[in-house]
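Just below sit the structures, each encoded as structure tokens.
Two complexes follow with chain A in common, the first pairing it with chain B and the second with chain C.
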Partner chain A sequence: MGLLSDPQCRRALARLVLRLNTPLCVLSYLSGITWFLLLPPLAPRTYLSENAMGSTMVGEGSDLGPRALALAREFGGHKRKAGGMPVQWLEQTMFQLGLEVHRQPFARTLPFPDEAHERYLVRGTNVFGVLRAPRSASTEALLLLVPCSEGSKNNQAVGLLLALASYCRGQIYWAKDLIFLVTEHDLVGTQAWLEAYHDVNLTDISSGGLPGRAGAIQAALALELSTDVVTSVDVAVEGLNGQLPNLDLLNLFHSFCQKNGLLCTFQGKLPPPEGPSGPGYTQSLRTLGLMVLGQAGGGPGGAHGLFLRFRIEALTLRGINSFRQHKFDLGALGRTLEGMFRKLNNLLERLHQSYFLYLLPSLSRFVSIGSYAPVLALLLLTPRGFLYLVPPVLVSGAAGTALYLLPVRGQAVATQHFPVGEAEAVVLTLIGIYVAGMALPHSTHRALSGGGQRGWMSLKLVALLALALLLTCLALLNFSLGFLLGVTLVPPAAAVRPGGNRLPLAVLLVLTTPGVTLFLAVLVERELLEAPAGLGEAWQRYLGALGQGLLQEHLHGAHLSPLLALGAYPCWLLLWNVLFWK
Partner chain B sequence: MAALLLLLLLAAAGPGPGRADAERERRDALQEELLLSPLPTGDVAATFQFRTRWDADLQRGSVSHYRLFPKALGRLVAALGVRELHLALTQGFWRTRYWGQPPLQAPAGAELWVWFQPTVTDVDKAWKELSNILSGIFCASLNFIDSTNTVIPTASFKPLGLANGTDHHLLRYAVLPREVVCTENLTPWKKLLPCGSKAGLAVLLKAERLFHSSYHSQAVHIRPICRDASCLAVSWELRQTLTVVFDFFSSGQGKKDWSLFKMFSRTLTDSCPLASQSKVYVDISPKNKSFPQEKELLEVSPPPTSVHEAVVQGDKKTYAVYDLLSPSLFNTSRSLNVQLKWKRPQDSSEMPIPTLHAQRYVGGYGLQTGEICTLIYNTHPYRAFPVILLETVPWYLRLYVHTLTIITKGKENKPSYIHYQPAQDRRRPHLLEMLIQLPANSVTKITIQFERALLKWTEYPPDPNHGFYVGSSVLSALVPSVTAMKDMDVEQSPLFTSLFPSSDGSSYFVRLYTEPLLVNLPTPDFSMPYNVICLTCTVVAVCYGSFYNLLTRTFHVEEPSRGGLAKRLANVIRKFRGVPPL
Partner chain C sequence: RDATRGQTHPCPPAEERLPRVATLGKGDPMGTARGRGAGPPGGTRAGMAAPLVLVVLAAVTVRAALYRSSLAVFIAERVEVASPLNAWKRVVEGLALLDLGVSPYSGAIFHETPLIIYLFHFLIEYAELVFMITDVLTAVALYLAIQDFNKVVFKKQKLLIELDKYAPDVAELIQTPMEMHYIPLKVALFYLLNPYTVMSCVAKSTCAINNSVIAFFILATIKGSAFLSAVFLALATYQSLYPLTLFAPALLYLLQRQFIPIKLKSKSFWLYTMQYASLYLCSLVVIICLSFFLLNSWDFIPSVYGFILSVPDLTPNIGLFWYFFAEMFEHFSLFFVCVFQINVFFYTIPLAIKLKEHPMFFMFVQLAIISIFKSYPTLGDVALYMAFLPVWSHLYRFLRNIFILSCVLIFCSFLFPVLWHLWIYAGSANSNFYYAITLTFNIGQILLISDYFYAFLRREYYLTHGLHLTRQDGTEAMLVLK
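Up next is the complex of A and B:
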């Protein structure tokens, strides 16, 4: 402290910092990146924190395989006959299994047609059966969710759900109610059910109320079996807006996988080989990278993603056919589900012991917030008369608002005047406004009178402050998104200045604009999945991702698109303004 | 008051303590009764009622010799000035929607309500003392009843026995929803029976079977009643009731046949020698009233002693009666094992819906606010009736009374009577009582928003992440009956019909309890990370504060001043002279 209170020392210190500013910035940025790259090998092993789940061993006695297959076939037949979800049959079957059965119709008009799923006006029915726990007052519940998808994709999952319900009905040890839910139209149905259960209306879904409830849901599992031949189970954790379930739920799944000999993968990747090795490191880094990309995307990684907002810990288990030799029957998966439900049934409290903020380089290792937080801190350390600044700030903000509002609002106008579909119109408007924003400096500099040298500096200061604020908030809410934006936006933000040779800087800035970052992210994701995409395919995926991003905001209340449109994009425009300052 | 005094005088004029034993025997009587009723879902409810009636006035204090009436309770009534006492310990929840109207429902957990004599001066003290003594007698946590969970309802709980004047300040009501009921509560309850569990119907009360059920509720009701039709003297009545619901789905592989042995793993061999009446009633009324021939569907064996027809809760019921006191019953076989067989499997999923039922849940998400929603259904086709709703909410949920909305059929429904007593932090709960008119064939939705309080850290119970319970709300209503009832002689009718007074032939009294709620409050993480966060925040705050202070302050080097007083004097003089100071 004496260093700072002595004026001479202070002046010397300031001079030193100023002189070494550039090397310090570079050093800090590089050490941030290095730290991130070092995360996988230094990650500790996961462990079960919750005593109620750890010490009590449960035996799984079910053999659901044949029963599940029979029910799945029957379900498939009725589904084909009904040409959709066989509501009647499901209700009757669940009733015969001894559950309390309810249905919930819902309807939702999307803001613009969803081309990926080919739907616009969604109308469906959710069916759920409640197994009432004996001698409990329905204050707590566990939930098993199976989306009833198009075609025969998820039939086996429905069969397994029914078989499991039938088995659990005969057991006496339940202390929490079990809800068996079959939703129609995937996430839209799930969202409708969750909103009705909590009696809120977040998105504009119109649905009938729920005639039966079972108290506070403690945990939920979503099951998707996309093929009839299941060779491995992939687990998805990323939820809406980058929320993650409690790590203990994942640990529980992992321990039962090991117990029942299931081959489980994370982000589609097998567990990397143990011990320090080159390939092991690459694989962990790939898994970590995929998780960061998935979390930064902010979309729900499965039906479970929508539960996290309601403080229900949830996971999605996906049975996939990865064309390996080892194939397991539904019985093993059934035993895993049974075991997980039994252990969750033993819980006295909500899952709260373990981590909520983590990154996973593999299923058995985790990076806690304490390890990854310094990365963003290091990145953020890097960079660092006002009335005449109001116009550019306002204009950038307005551009962001336009970017946020216009595409969906203006789709009707666009489809009238141009020969494009509604979904296309939305995406193209989005890109159009985005690119048009880049012309702003030419129109705004006339409004700016004077300022000169100090002018662009203060504008840059405002831009940097806004960026720092944005990234700091993101670091707490969604580390992955904050990290990606930080890595891309920080160097140009630090380097940008008017005058001199503008071209390289302009190229750098364009490359790091959020829109281009998204495009690059699409490329990198394909690369990490070891299925690289060509430019054309990537462009198509990019357009799809834009549309999906907008849809997710309206369907589930995802925050990514408003955040980019109202936060990152205006911030970037300010920097762009700085570059073309006259 | 005067009438009561008159009664007391009359009672005093009766036979004194020195009379013959034979007369005393005539003055107290025990009636025992078991009602077995198959529920619409296929479960079976067994209701035991033991009624001890004593033609003596406990309040007089002259009673010293107890025969059938338990001394512990009798002394309690006399010592604390209790006029009426109702205690229920329940594990589970009676599902009115599926099981129909219960003979006597109780909320999950422990419920105690007591009317005191007008002579009691300090009711709160007597209440505290009473709950502590009862806690000892029944091994229940009734000693946790204090001012934070005790309320004084104004309209919901009227005395069930003989009373003149209903000054509700003599009433206390409390519910402990977290109470867990187990064998340790059953044993003292059984010990109050004159025959213990040695003979009579009480033989069936085997804890192992009673707690292997869907619902278990045991209760004690003490009240003064008229000694005879002229009602000139007071008798005291003790009713011990126990209701169990057996789930025959899980244990019987879908077969709904049952027998006494299957339920209790015992059979009846004799009646209690002290009992003056000992009967088993089996409800054999046809399920579907439009097809009376369905009576043929079920078959009870052995053939009943008689068949009794009665109108219970607005429904015509047929009972097969087995009188254990009739010698013919045990002639053929030594034990009585009542069996019921269905001749045809029941496959109808059409279940009769009770006229009045309700559902309650917590709406909203997040840890700041929430909403308590109560749905009350009136399924009567053409009759509207009023219902009194009693809502008790702990103080840590801060109700916003202005958000109270009552909506029926899309329109606002104004309650004709409202009594609201706001909570005081750490002292008393919210009490909300309303009289609401339910139109025919309607659903009434009552919502009220609340804010979750942040407790002091010592106020959290163990396992705070489990959540906090909000007790059941109470619905009391006079439900219009579909079938006309005729007034029956109370002494002759089955016991289960006679606790609640029926006002007239056209309606019957129903008291319903809704589900208890489990609400999560914002809970700090009582673990190491919590301490770490506290410590880090403190360190950061201290560091940041001092750094910020140092960085923003500008320092000036101040020349050490030479000459103290002299210099100042000189400067004053110089100022007068108009010369610059030294």
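Up next is the complex of A and C:
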């Protein structure tokens, strides 16, 4: 009981904390940021921890290159003829390869038109073939997914999928079913298939049920490939709501790339040079920054992102054809896929040995949760304020709820009265309500009579507590988002107080509001990609990101927009209220 | 106006004693009483009924809205509000078995008592209504009980002031009728609008019924009806076994009410104890026999009480049992089950000795201990003892960590679903994460209760020894718990 009940000890501690409040805040904030910047050079090498995949040898015997290309051409021809996915041809081909073939029609009406993909009423069909495992009952399965996109995109990927299926059909060692899936309309189709496979309905997709199933899916690979030859393979890990696949799957991919001499990139970045060097450090930091931004965004980084929610470890592999000299044919990629499936085939239990919570400065190095968690812990230490206010809290909450609900509901009204498109209406309503919220202090402080010194302090206390609670939960769910919000929101939250010169604080607060943070994130991302954007382009991208954010919530159940609207925004409004307290 | 108050509260008017009280100090606690007409706390029934009705209406609206929303399914699935004992799903399963003519206990799912299943056998169509009414009844019972209890506290305080038992400088510690006026309403508010109670009600956890029975038991005890108190205590024991330990505070309260001295050598003490105990045991036997005749089998004894005591179901909950026994080797488990279960009952004896003058505080502490250490605790249990916190609002100035502890409890409440999500859905965390937060939640509760206990003892000490204690060398002294 000592510390908690002994009054002298407590008093001394409290006095110490109060006296050193400001230096402690600054110190912990700065050390948090420094720690984060030091992460790339301190990161250890990755290693494969799953025994079933590590110690066994597999020799890849396939040479799928010519076959894959032929199938891809044939597929491309039928696709052009059908003006969409050639369902009939795919079914026939898969059947001829000896797979058990099923189709799944689905339909989905988007809440508002998606301008980026130009679609509103989505109607499509997924086709998948199951290769039943000869060595066991159909209790477990592996999956290879190719999204069938518009134009001639991904034709080669479908060709490789079919060629691989035909090769695998001839092998006798499969202990897990293999599912070869071709989905239409990218993520919408993938979501429809996943929901039908697991017989749940999370979003409002109406889909035909699945006539055939394999076992529980242990791992999935999504493939995107649009060229006959590749120079490198890019791998995407970030899933919906910042979930990540088990690190072992990534390690497996990395080891096979090394074995086959494939050049692989992460976040579009080449592996940084070994050893401590200036450019190496910058490269790692850029990669790390891109990963943090991607994860914080909470959108799926590829078709694999939707699998993670169903507890299926998944990766997206993208074949890239750039101006490099050394090129690989599809055979090399086919061998990599074959090797990965053979190793996954050896799994005795779910992938669980390695890390689920990590950050990657490059493919060969990782930062585990133990190393990066102190960053946020140090940031969270900062807002230790001092020691009841229902109206502003309620009003801020209501503003957040309005921000969450109104844009999509109000689009019909908005399009009737203003000359804007539906998608534009949604985004503009969003921004309108957001900005209107900033006028709240002028209306609320009339409702609050006085309170004085104690009034704003307790309001700040409530705001700080809400912020700390939000960041703690976020740190567990999606570290990157928590980190970004922490870095931006914590200093103004600690510094804000009414009276004195309000202007610099107001500017600081406006700069750190979640909306502006998002805008800055767009700029920073372009910067990290080494393709800086002008303000105009960034603004367009920002509007696009807002629309996509809302759409993703309705399509896949991404949590980012409700979280910002119901959590971060009201919290920020409270701080805004504190600033303009009279 | 005074005349009507005199009628409502047939206790001696305070005016005639006021001059004496006023000498106590500048605080003049009775001055406010005089201003309000000098009645004991509680006010008139009509004056307080309106806000109570408002609270009830608000609570019913919130519950009805939540029943209609999509959150209801989510809440009903939460392990924090639905334990294996009281989950609604299991009651439905039991009912289905009963309708098929099979003993509801023949599966391993249903663990509620026969009376509950027969209650819902007739009321299954109105289940939502039943749970809302149960919550309202609990709140009204607590409201009436605390109203009566406040009168008793007030009278006792006045008596002690008259007898000069208090130190001269403690005027500011004395509870005034102004402060006490709104306590019953606050208790009802704390129970009905506590998010824990709301969630428990929306999840249709039968914990609400247990709480209701315990609330009526407290009401009967405070009203001084030994018979009804024993019957409700027997019902509560029959429902969840652990309220057995509430026997001690109830007995102490009734003894105090009858002015029977608590001495082991006194004959009247033993006589009354035997009387109360036999009433309790008889009602318990009657209820158990009734259950037997309802189902015509003794199946429910192992299935309900055996299940509570031997803890075979290790589904995660907010308690301390599940992780511990999931990790333990099978052959140690009997020993540790005994240790854990004795832990719940163990505190009754020392508390009864320490708090024999304050049975209601004892009751509060005991309820908290049950809700922390019982084998399948839910948030509904926590809500019941939290409803009593306003009764002890006069301890506020002695509480040391109330801010930190309430923050801990709020943070834990939010982290429960987050860590559950990480463990069960995302697969990136494991049971250790969830248990860590369970442990923090329980430590928070234990510290909260010990904080209140310590504050209560300190206040009692200050009341008799004076607020400004000095050491032997003349400096100001401070009470420290060692």
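We take it that the second predicted complex is superposed on the first by the 560 of 582 C-alpha atoms of A that agree within 3 Å, B and C clash if a C-alpha of one lies under 4 Å from a C-alpha of the other, contacts with A are read in each partner's own complex, and residues count from 1 in each chain.
One rule holds for everything that comes next: a residue touches a chain if its C-beta (ideal position, glycine included) is under 8 Å from a C-beta of that chain, and two chains touch if they have at least 3 such contacts.
Note that the coordinates shown come from a computational prediction; the quantities given were computed from them, not determined experimentally.
Undergrad: Which partner does A:357 contact after superposing on A: first (chain B), second (chain C), both, neither?
TA: Only chain C; A:357 stays clear of chain B.
Undergrad: Using the touch definition from the top, say if A:473 reaches chain B (first), chain C (second), both or neither.
TA: In the superposition, A:473 contacts chain C only.
Undergrad: Quick one: name whichever of chain B and chain C touches more residues of chain A.
TA: It is B that touches the greater number of chain A residues.
Undergrad: Going by the contact rule set out at the top, does A:26 touch chain B (first), chain C (second), both, or neither?
TA: Touch partners of A:26: none, neither chain B nor chain C.
Undergrad: Under the stated touch criterion, which partner chain does A:216 make contact with: chain B (first), chain C (second), both, or neither?
TA: After superposition on chain A, A:216 lies in contact with chain B alone.
Undergrad: Between chain B and chain C, whom does A:16 touch in the aligned arrangement: first, second, both, or neither?
TA: Neither partner.
Undergrad: Using the touch definition from the top, say if A:243 reaches chain B (first), chain C (second), both or neither.
TA: second
Undergrad: Go through the superposed model and pick first if A:309 touches only chain B, second if only chain C, both, or neither.
TA: After superposing on A, A:309 lies in contact with both chain B and chain C.
Undergrad: According to the stated criteria, A:170 is in contact with first (chain B), second (chain C), both, or neither; which is it?
TA: So A:170 only meets chain B here.
Undergrad: Show which residues of chain A both chain B and chain C reach, each in its own complex.
TA: Touching chain B in the first complex and chain C in the second, residues 1, 4-7, 10, 309, 311, 350, 352 of chain A appear in both lists.
Undergrad: Going by the contact rule at the top, pick out the chain B residues touching chain A in the complex.
TA: 91-93, 95, 98, 108-109, 177, 211-216, 247, 249-250, 254, 349, 359, 361-367, 371, 373, 375, 463-467, 469, 515-520, 523, 525, 527, 546-547, 550-551, 555-557
Undergrad: With touch defined as at the start, can you tell me which chain C residues reach chain A in the complex?
TA: Chain C residues touching chain A: 400-401, 403, 407, 410-411, 414-415, 418-419, 421-422, 425-429, 447, 450, 454, 478, 480-481.
Undergrad: Which residues of chain A touch chain C in the complex?
TA: Listed in rising order, the residues are 1, 4-8, 10, 243-244, 308-309, 311, 350, 352, 356-357, 387, 465, 469, 472-473, 476-477.
Undergrad: Given the complex with chain B, which residues does chain A contribute to the contact?
TA: These residues of chain A touch chain B: 1, 4-7, 10, 92, 95, 98, 100, 132, 134-140, 169-172, 198-200, 209, 211-213, 215-216, 309-311, 348-350, 352-353.
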